[in-house]
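These notes concern the structure reproduced below.
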Amino acid sequence: MLIHERIELIRDYGAPGGPMLQIMDEHGAVRRPELVPSLAEEKWLELYKAMVLTRAADDKALQLQRQGRMLTYAPNTGQEAAQVGPAAAMEKNDWLVPAFRELGAWLYRGIPLKTVYLYWYGNEYGSHFPEGVRVLPIAVPIGTQLHHAVGIAMASSIKGEKDVTVAYIGDGGTSTGDFNEALNFAGVFNAPVVFIVQNNQYAISVPRKKQTKAESLAQKAVAAGIPGIVVDGNDLMAMYAATKEAVERARRGEGPTLIEAYTYRLGAHTTSDDPTKYREDSEVEQWKLRDPLRRMKAYLIDQGLWSDEQDAGLYEQYGAYALEVFRQVEAEGEPKVADLFQYTYKEMPAHLREQYEEYVRYLEGKVE
Amino acid sequence: MLIHERIELIRDYGAPGGPMLQIMDEHGAVRRPELVPSLAEEKWLELYKAMVLTRAADDKALQLQRQGRMLTYAPNTGQEAAQVGPAAAMEKNDWLVPAFRELGAWLYRGIPLKTVYLYWYGNEYGSHFPEGVRVLPIAVPIGTQLHHAVGIAMASSIKGEKDVTVAYIGDGGTSTGDFNEALNFAGVFNAPVVFIVQNNQYAISVPRKKQTKAESLAQKAVAAGIPGIVVDGNDLMAMYAATKEAVERARRGEGPTLIEAYTYRLGAHTTSDDPTKYREDSEVEQWKLRDPLRRMKAYLIDQGLWSDEQDAGLYEQYGAYALEVFRQVEAEGEPKVADLFQYTYKEMPAHLREQYEEYVRYLEGKVE
Amino acid sequence: MALMNLITTINHTLDRAMDQDDRVVVFGEDVGVEGGVFRATVGLQEKYGDKRCFDTPLAESAIVGTAVGMALNGLRPVAEIQFSGFVYPAFNQIISHVARMRNRTRGQRYLPMVIRMPHGGGIKALEHHSESLDTFLGHIPGLKVVTPSTPYDAKGLLLAAIQDDDPVIFLEPSKIYRAFRQEVPEEDYTIPLGKAKVVKSGSDLTVVSWGAYVHEVLKAAQILQDEGIDAEVIDLRTISPIDRETILESVKKTGRFAVVHEAAKSFGPGAELIALVNEGAFLYLEAPPTRMAGFDITIPLPREEHHYFLDASRIAAGLRRVAQF
Amino acid sequence: MALMNLITTINHTLDRAMDQDDRVVVFGEDVGVEGGVFRATVGLQEKYGDKRCFDTPLAESAIVGTAVGMALNGLRPVAEIQFSGFVYPAFNQIISHVARMRNRTRGQRYLPMVIRMPHGGGIKALEHHSESLDTFLGHIPGLKVVTPSTPYDAKGLLLAAIQDDDPVIFLEPSKIYRAFRQEVPEEDYTIPLGKAKVVKSGSDLTVVSWGAYVHEVLKAAQILQDEGIDAEVIDLRTISPIDRETILESVKKTGRFAVVHEAAKSFGPGAELIALVNEGAFLYLEAPPTRMAGFDITIPLPREEHHYFLDASRIAAGLRRVAQF
């Protein structure tokens, strides 16, 4: 695979068919000690915990969906490193622009789990975030969010602010015109933005190979004249390191970067999907061996920072927490009818007020 | 500049910032004899004449526009080789899918000059071509036509037919999402299609450098995993040779190719445009030296196939012919009112028939 | 004859169309191997091969635009858009080319193509999965816009759409994909495009609806019937061009008119129907022509979407006002 | 006060807005160096620098989408689409995001942005340069859609649009960019969005129009006046949300209603106006509410476009029928 220009860290990677950036191997062994980001050891533990929370919250959502308590849900299992790594590499005021499958990043950037659950529970308040959380709502129409990211980043530079924007998209999303337009704009305006493609190998049932003839998704950066790199998306250290480098590059005014996080969706596309229709179990089993949590856990245990016992307890504890949060969501009750009408415009126009009032009268049984 | 994969002919070209494919230099001297396509010498004369016709018809249209007889017109001067070369490299049944600035290609592929003039005269019959001419109408919404080209090419392969589709777009057009989507589809479906970017250095007032950070437009092929090449768009031989190779490659089932024809729009964007607002005269003067007609003429004279005297007569003759054709266009009279209504559907639906009839009654003074 | 629901009927009909005519090709996102997210195309790739039924990359503009190219080169493409809310990237193709190629070329080139998509809400889905496009598409000259309300109609209309030499947008009310089954003949038949259908005749007022809402309207009509109000219910079936004749004839008979639709009210399809009733039957009107429609808001997420829909009781309340005016 | 035509007024107003508020940025294709193909932005890059007025690559979806991002991050972007016929690639952004961000986030994030574009036909242009988008845009909840008919209104409406905290689509009737000049005050003023204007009061019938057509309608009203028919003419100014109050008040007074617009008739904006007149003033109507509109065809190329437009005489003929019904 061809990489047009490489960010410094990874000068050795990205040859055609060649290796991708990996710091820690599948067994948790550090293969490139010189590239290990200089973080305090407890920080790695914290990031690991963030991945476990993501896994536990994900599993709980699936379980609740099977019980008929949650609506359609899009699981993240297997992709936690590609989510937590970049989120951790950002500064407080940086912006995160999601696609729709980045639970780990959302939680790490300060969206409460309750808000996330509200979203998948089918409630607009799931897109209302705490003050100061610079994260956009999920963008369901694939590709559209990248323009917002570029616009946010351009605004930062127009205003002379140093914030960087990190935006997500999937492998399927790289086929949209929007993806290419956004990369091109980012290049032309030298926007401080980092694009992360979570290449989880599938767009619903369509495998990566049928999505494009390009050997890598990172090479799509070449079209926009910006750097691109393939990173082992299941390697938390590599994802952290590559994003950190790209974010700081952007902050220094050196422009946008495209990062392909090479990963795998271990679960279904959503709870409405049955992946056995389009892929082999053996493929899934292969990828389970590359589980991002597993290898980080091995690393932490090896470093004497963690143990199997602590680990089991942690997952259970997060699972219980997630259930508790979901109970709060269920207990919320119906949103107000006024909410349906009052956010279409800043002030409700006359025709809408009339529709609202007429409907309220109907609900109150005043009309029959 | 990086070229992902190269078509055979031009293995030596496309290095970053390096040369592009050129066979004949600016003075008409053949620099790469081994690459000269094996065409009969008279054929080169024929192609030269096609370029002169294009130039004469273009100049006449401009002159008529200035007289207020033609509407807005988009001139081609300077880009004739990038139009006639590819058109000549196609087989009879191949399809041509235009953008909107390919006069030389249209005429060569069999669209009568009268039809072209009708178009710029503001008449829908300007998009009605003689039976068997496999050329689509002009596509004004930039980028949209490439999907049609890919669809036509896919249909050829689905039907097991060997026809190839050649599609045009401008440098500005490469920034559209459609451009990228179409290249990607072509790659995935291995469609027998050749994309030609007429990089004439401007999209109205926006220079090529502000259109994308990519060093070449050919490298945009990398995103789709298909071959791309930069060709001297003012070198008829090179344009012919590269297109021929790409077309035959496609016909053999080896998939799509992107050709960047590096050229220059010597005139205005359209007759509504004043290029002095956004570019230096000196730049234009530089490019006049690379005029595609000039160098081909030098070659033909050098080969003893042509003379200055013959040349002057030819241009005059074509100009007179173009004027005569335009007179026919003017003499055509008003199109029928029925034409406004009868082509929206195969059969005119009731509501439209009523609108039509009511309007006819109004025109006949029956309604007041 | 077999008992089929709407989605199995679509699948059956595509199968029939591909079997009859080699030029019919079917494609879209997840359409091939998976057989469509709603299973509309299941089995077609196995049966007809991956040249005639295939998955595309994720790019709606390209899906519609390549269909245009295929139609120009002798095929009869049937493209699927996964949900109506994802067709917007293809609007440029639809408006600028699909609808215009015939007129642009003065009849020389035309586009026998169908764009199918699940349409409307009611399936408790995420944002953008419940859009109503009636107005957007209805306002584009050169398109035919069709929507069935039953499996039987779906087969006849879809076959007619595929055989039509003009481009047809085929809106499938996803809410009723699996709502009920109906006898659908094995043998092929078409239902002419552009013809509405009186699904219940009545004398007191005329109600026009289409798609999933036809069933709610019929329920409402039943409520009114029990009260002694006799509504005539018309299933529009083709949203554009509209069958004015059937509607005006009915309104001239009943003197009262209502239209019920899911799309937002303002600039909605109901406005067009009211306007044409004014134009064609004003002097027959005994009450203001009325529209019952979606609120002028984005259709809400599942927790609140029930507020958005008109159920039989709300429809009945509205119709009662028209009847009793 | 200076005499200005519509395009110089737009230019002047953008200048004023940029001068007043650093957050206002102006961009689009050919907007910077060249100052716009119609010269709407001429001089702005020189004056405010290329961070605040700049050229973009050729990609309408990106132009609108980046405007969304800028609005989310504290700017007040004013994006230009070169011609209304080229906005379709941005429909996904406009429908899915521009119109919805406030509602999606329950009021937390909103988009103070303006999308300007030349609108409608009459300039003898190529295909796709003459499109009327009234219905498409009017039907999208969450947008405000504004169109001026005079330089004076243009300044007040554009300033109001830029200051508005909701997204506004600003349609500029290109036909009258240079048609006439008017006194436009130097000092700043706004005209409230959502308010129609009675441009000629009258007692016999109400005529609503907007944009370039207002002038034809006024001419037609003059023809009628000479015949003793006194038409009230309303310039809608804001296409969505519609100022029902002003319209209904007028119809209640005159008892007769007509709407005149350039967009195609079916599912056109006239349908909405007729529907709301039916809803709000049915019992006052002494004649069928009438629409005079574009044919249901693609607007023709220059050789035939004159057939498409309603001139004062055709409008007068239609209004006469309404008045004499």
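For clarity, chains are labelled A, B, C and D in written order, and residue numbers in each chain start from 1.
The definition used in the following text is that a residue touches a chain if its C-beta (ideal position, glycine included) is under 8 Å from a C-beta of that chain, and two chains touch if they have at least 3 such contacts.
The structure displayed is predicted, hence computed values, not measured ones.
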>> So, comparing C-alpha centroids, which chain is the farthest one from subunit B?
In response: A
>> A-C versus B-C: which interface comes out with more C-beta contact pairs?
In response: B-C
> Whole-Å distance, subunit B centre to subunit D centre, using C-alpha means?
Replying inline: 36
> Rounded to the nearest whole Å, what is the centre-to-centre distance of subunit B and subunit C, using the mean of the C-alpha atoms as each centre?
Replying inline: 40
>> Nearest whole angstrom, what separates the Cα centre of subunit A from the Cα centre of subunit B?
In response: 43
> Do you know which subunit A residues sit against two or more other chains?
Replying inline: 124, 140-141, 175-178, 181, 184, 188, 210-212, 339, 344, 351-352
> Using the touch rule from the top of the page, what residues of subunit D touch 2 or more other chains?
Replying inline: 57, 59, 61-62, 85, 88-89, 92, 96, 103-104, 127-128, 141-142, 241-242, 266, 296-298
> Which of the residues in subunit A end up touching subunit C in this complex?
Replying inline: 71-72, 121-124, 126, 140-143, 172-173, 175-178, 203-206, 210-212, 272-273, 277-278, 334-335, 337, 339-341, 344, 351-352, 355-356, 359, 362, 367-368
> In the complex of these two chains, what residues of subunit C are touching subunit D?
Replying inline: 61, 85, 88-89, 91-92, 95-96, 99-100, 103-104, 127-128, 135-136, 138-139, 141-142, 240-242, 263-264, 266-272, 274-275, 278-279, 282-283, 287-291, 296-298
>> Could you list, by residue number, the parts of subunit C that touch subunit A in their complex?
In response: 29-30, 33-35, 37, 55, 57-59, 61-62, 85-86, 88-89, 124-129, 265-266, 295-298, 300-305, 307-308, 314, 317, 320
> Touching subunit C in the complex: which residues of subunit B?
Replying inline: 95, 124-125, 127-129, 136-137, 139-141, 144, 146-159, 177-178, 181-182, 184-185, 188, 339, 342-346, 349-352
>> Under the stated contact criterion, what part of subunit C meets subunit B in this complex?
In response: 25, 51-52, 56-57, 59, 61-62, 64-75, 77, 89, 92-93, 96-97, 102-110, 141-142, 144, 164-166, 194, 241-242, 244-245
